[in-house]
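In what comes next, chain A is part of two complexes: it sits with chain B in the first one and with chain C in the second one.
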Partner chain A sequence: MKQLTEITTPFSEVAKTVSLPGAGLDWLTQLRQQALGLFERQGLPAKKVEDWKYTSLWQLSREGFTHDAKASTLQASEVADAAVLEDAYRVVIVDGRFNAELSNIEGLESGLTIKPMAEAWDQAEKLLGQQIDLDKPGLNALNTMLMQDGAYIHVAADNSITKTIELLVISTADNDRLASHLRHLVHLETGAKATLVENYVSVGETQGFTNVVTEVNLADNASLNHFKLQHESLGHYHIATLASKQAEGSQWHTNNISLGSKLARNDIHSQLLGEQSHVTLDGLYLVTGDQHVDNHTRIDHAVPNTTSDEVYKGVLDGKSHAVFNGKVFVHQDAQKTDSSQSNKNLLLSRSSEIDTKPELEIYADDVKCAHGSTVGQIDQQQLFFLRARGLDETAARSLLTYAFAVDVLQRIKSEPIRQGLSNVIEKRLPKGA
Partner chain B sequence: MTDESQQLESITQKEYKAGFVTDIEADSLPPGLSEDVVREISRIKGEPEFMLEWRLKAYRHWLTMETPEWAHVHYPAINYQDISYYSAPKKKDDAPKSLDEVDPELLKTYEKLGVPLDERARLAGVAVDAVFDSVSVASTFQDKLAEEGIIFMPISQAVHEHPELVEQYIGSVVPYKDNYYAALNSAVFSDGSFVYIPKGVRCPMELSTYFRINAANTGQFERTLIIADDDAYVSYLEGCTAPMRDENQLHAAVVELVANDRAEIKYSTVQNWYPGDENGKGGIYNFVTKRAACRGESSKVSWTQVETGSAITWKYPSVVLQGDNSVGEFYSVAVTNNMQQADTGTKMIHLGKNTSSTIISKGISAGRSQNAYRGLVRVTPKAENARNYTECDSLLMGDKCGAHTFPYIEVKNPTAQVEHEASTSKISEDQLFYCKQRGLDTEDAVSMIVNGFCKEVIRELPMEFAVEAQNLLGLSLEGSVG
Partner chain C sequence: MLEIKNLHASVGGKEILRGINMTVNPGEVHAIMGPNGAGKSTLSNVLAGRDGYEVTQGEIIYKGENLMELEPEERAQRGVFLAFQYPVEIPGVSNIYLLKAALNAVRKYNGQDEVDAIDFLNLVRERMKLVKMDEQFLHRNVNEGFSGGEKKRNEILQMAVLEPALAILDETDSGLDIDALRTVAEGVNALRAEDRSIVMITHYQRLLDHIVPDFVHVLSEGKIVKSGDKELAKELEKSGYSWVHDAPEGQTA
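This part shows the complex of A and B:
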């Protein structure tokens, strides 16, 4: 096998010495061992791996993170400030471990189960790891060999959960160079419905590493509204995989908002395995300074009559670098696929860089697939229009930037979530340069 | 299967028309590749020292390189020692001095291909530099072109007559280190065309080359170099065919274009190499590096290609937009049928200020073929106000074929406006029904719809080529189901 990389890291040593929850379970130990074997062969992907062409993990590999978390001093009020929603079931993970005191998962609606992953291995066994590709160059193997905790969410058949679940993953300055490897599993049985917000945030300045895999399994006619907000410190690393398997008639609506971190990478993979299933992948990235954000999405239309819809928008300021790669893969039997994708980018500064690549791979003939991608700047005429009406340059630019980004938010149907996300985003919007 | 699909099937299975073998004796080097072979090619051509040195450097570099594997094509590894790197029709005595002296068998070949080499050529206003396997056999209209100061001759001749130009420009756009096949070509290239349009001259006629691979087990490694000096204009046409053979033949060409201040080059290709039979046996491997440098300000290069042949196509005609206000264009129709595989597209590298590029790519896949568009648009930090518009459309005919799009967009300057659009569709039952209701049979209806789909590209072709291209489209797709 071809050596994928020369990047070596201390992670394998950690995996051999650290004691992880669930170590007594044979199947889990085996899975972690298998992942360790793979990781030792592959290492971290280097830039010559096509999927990592524009994103270098070299710096990350040199950081020397710790894996020992001290007890956190996080207060309930700080958690409330960090949350997007006031009224929600709250699963709080602090510095890589579930925190029962700060969470609010008592008195759940019927049909809903929420547990920390470290206590739910048995329930998760059947589906854990089924949604992701362990071999793929990336960090899935690293995550699997070191996964320590996360959230296990299960909705029994035909239950519609009315209250939103907010999964709040907080990194604190108490453990400012911590690497945490989290694994979430969301399983919706036939006809079940739920709304989930994943919220990744730093309290204080952190320079840690969040390595997370979220697996989503949707049975027939299940429906999940799935939001992800990432606004960790600008010294933080965030690498995430979000993967789903969807059965007949299921719906997965995702919205991926990336604002924080020095380096953020999201691999989002939707597998449409049942007819009439649908996926929406929306995303917004706002980056400035020397931030680097990379969104890789892939949609597999594996069977006939499935649909997908994707809108990703980016605003780049400072010396930031954004990468978008959206692949739509239509398998040979997947007739009547209908897929559309768009990626639009706004460059605000001289030294920002965008690399975008919308890809189509189509092996069926009776399909409708379209994608579009644009890169541009603030329109001078629009700017002139606003200036002529008395706005100063800064305000006018800021307004136009907001107008560009707000599209993605307007696609969110739930009012409290849209409001919660808008509040965070508005603070991050560049004020015009 | 419906009647319609059967009908379409039968049309697609039409035979390859240019698949005859010309029976003439050839001087070939035995198969194999080594420094001695490179030296021998250079010796046969009586090349000056600088060419040999350059070839050897390229060969030594090639040995260190690996076959590129990133393209969306699959084929068994090529054994480069099984290929003969030089084949020329045996010379009767000396080189032919006029058309009358050219081997009549050769002339007959061209006649079958419809190349207007003789008097008809004059009427058609086309000057042909025909490349038969590896040596240019005859070039027409040289005198008339010479009056204008235009140089149009085989590159092997240009090496002798204009060594200073060749030395200055060869490898300046595609260096021998550029990629695997370019390095191979640089080491063993046999012949090709050389065009130089002096300052301020507008070339009075379309220049044309016809490539044909004849001898078995030979690779064709031609190298074309076109230079348009300040304010010059030239339109260059290239057509390609090859006889039917069971083995796969290799074609690794390099084309370099240089446009100086305000110069314009229009380069059109109709590629109809043998695509192999319906089971994918035989056919040409077409691994080509084509690149243009818009060196001067306000210069323009336009690539137009109609790709219907070859078992495998690996080809990305590119434009490096160095001069301010320079313009790059790429218009492409790629048709794949049966077991053909194509991975083709373009690169537009924006370096100068106010540069603009347009990419229109139309892919049509039928049978069990795979057709990929792969492109790069790069805007570098100093390329102020760069503009790109890209449109890639795919048309699928049949449920066993594939259509793919891999566009890379890299922007490092905020003043850039870059747009990319792609769509994939099939010929709908409604469209067919509409046409048939008005009295067209399925074949004509498909042909009409396909030609409509490709119109934006076809209209960029010079007149004679446009007709040929439309016929080719019809031929390549006959029998494909909508």
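This part shows the complex of A and C:
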């Protein structure tokens, strides 16, 4: 398969020469070596690869990123401004490194462990890399060979964590063209419950590269409410994998909001491995100018009696390009699978483009799978109605755009999270309401 | 208040209105009746400023301003209100949000501050009683899942909150059963005022039993072919529209 192997940034050299955290651990060194071997063979995926047909990494391959982060001058007040939640356990990663001073993970509730990944390899060993496919065309190998830090979050059996955990990943203008390779692991033991907000944000204008893999492992009856907000600078690259393994009766609700970056790609993979497990994959993307956003989701219904529910909405303006590919894979024995998926898009300009593709692969015969995708424009009747009620055209368009996007937010049960996310989204609406 | 002079308008190159003349003074209620295809809806859309309606001749003067030069929102901000024949559903926008945004748009034009939250709620609650609407409608999305009658009542609620100087009611009676018609009519009657003019556009006379107009005009083939008082509507009810077709031109008031 054709790959991009001529890459300006010497990722392999960095992996070979730089001493990464955990370098003394044999298993980790071995894992990184394996990833390095794969990356050297494969490089970055080119557009010939089906999963990367609509997203070109050519421009990224031409960029010269650095792996050398200077100490950041980020202030506590800037962190507070960047946070979605005021009241949360705050894990702050600045320019690729955990920052203890700006974090707030003291006095955690019982049963909850939060550590920087660079200090948690031992705890993570058993599960690290187990949720993802290293071979898959994409950046999992690159991430694995260079992963330097991230968050390790563990909840012991039967603990319900009441306070939300906000994982703030901040890129600053102090380190303008930095490549960060982050790995998070969220492990909920039997019956444990938690809420996590991942917040990727730039402070100042950045043209860096965030390469992140979040692994989620949910034991029997565990439940994770999960939000990912990405609003990095428009010169930034953001490539992420979000992968879960779910045991019996577990629930994963994840909401992926993509607003920033020049190029954003999310590969989201839910593996329903235990009966009665459920996943909700919601998403919202708002892009304009020459932004490109690509969401690839895959749900594996591997056993009988599992359910999934997916709603992705997109608003495209300017010359932006969005891709949605939603695969639902129902394995042979996965009878009584109940799955629904929808992708709806609102095009605000003539030159924006959406490629949307639901993909169902079903190998069981007693299942319920619904899917649909739509592409539309602002409704002229609605627009005239609002104008006839005195709203000027800009305000009316903005309101209709918000109205289109809002049901993804209305599905969020937590008021502070919904409010925090709404505030960020409203600022990104075309021309503001 | 409103003066329409020799108004000609086309839709898609086809002339629909062919020289309408009409004067509406403050406090008056005018009914415009006519058969299907007479140009009734074209007239209301031209007055509200909908795209696609081209005025080819004549003028519309509203409070001394040329209405045709104003965008739909500018007309609304100056007190022109159109009650839609087919109210639009807007999923994702709550009724209360719409009412507040609309009211604030008018206030802003008039140089007033945004409405105080508590004053606004009190106003809306009071006006909802006029059209017998339950408060739960405030938090539902605009017209989404409303019955035909509820949609029309919702239009009148918007009128009641916005207190326009000129209200154009486009087939407000269509699709209403008798109880809903009565409720809507009571709402409109409560809003009759010395400084407010109302233009009702309707196909049927029955609305005029409930909202009694000062003047009745018969629109046919893009012209007002007959004008009179409420008795004219009753004649129409008896004889149908065919007799006005046969009436010689120039009988307009």
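Definition applied: the second predicted complex is superposed on the first by the 422 of 433 C-alpha atoms of A that agree within 3 Å, B and C clash if a C-alpha of one lies under 4 Å from a C-alpha of the other, contacts with A are read in each partner's own complex, and residues count from 1 in each chain.
In the analysis below, a contact is a pair of C-beta atoms (placed from the backbone, for glycine too) under 8 Å apart; a residue touches a chain by one contact, two chains touch by 3 or more.
Just so you know, these numbers come straight off a predicted model, no measurement behind them.
With the C-alpha superposition on chain A as described, chain C and chain B fit side by side in the combined arrangement. Shared-chain residue A:59: touches no atom of chain B or chain C. Touch criterion not met for A:75: it reaches neither chain B nor chain C.
In the superposed model, A:30 lies in contact with neither chain B nor chain C. Which of chain B and chain C touches more residues of chain A is settled by the count: it is B.
Once the two complexes are laid over each other on the shared chain, residue contacts for A:368 go to chain B alone; chain C is not touched. By the touch criterion defined above, A:382 lies against chain C but remains apart from chain B after alignment on the C-alpha atoms of chain A. Once chain A of one complex is fitted onto chain A of the other, the partner contacts of A:160 are absent, as it touches neither chain B nor chain C.
Contacts of A:335 after superposition: chain B is touched, whereas chain C is not reached.
By the touch criterion defined above, A:419 lies against neither chain B nor chain C after alignment on the C-alpha atoms of chain A. When the two structures are aligned on their common chain, the gap between the nearest CA atoms of chain B and chain C comes to 17 Å. Residues 70, 379, 381, 394, 396-426 of chain B touch chain A in their complex. Chain A makes touch with chain B in their complex at residues 50, 332, 335, 345, 347-377.
Residues of chain A touching chain C in their complex: 379-382, 384-393, 395-396, 399-400, 402-407. Residues of chain C that touch chain A in their complex: 48-51, 71-73, 75-77, 81-82, 84, 87-88, 90-93, 98, 101-102, 105-106, 109, 158, 162.
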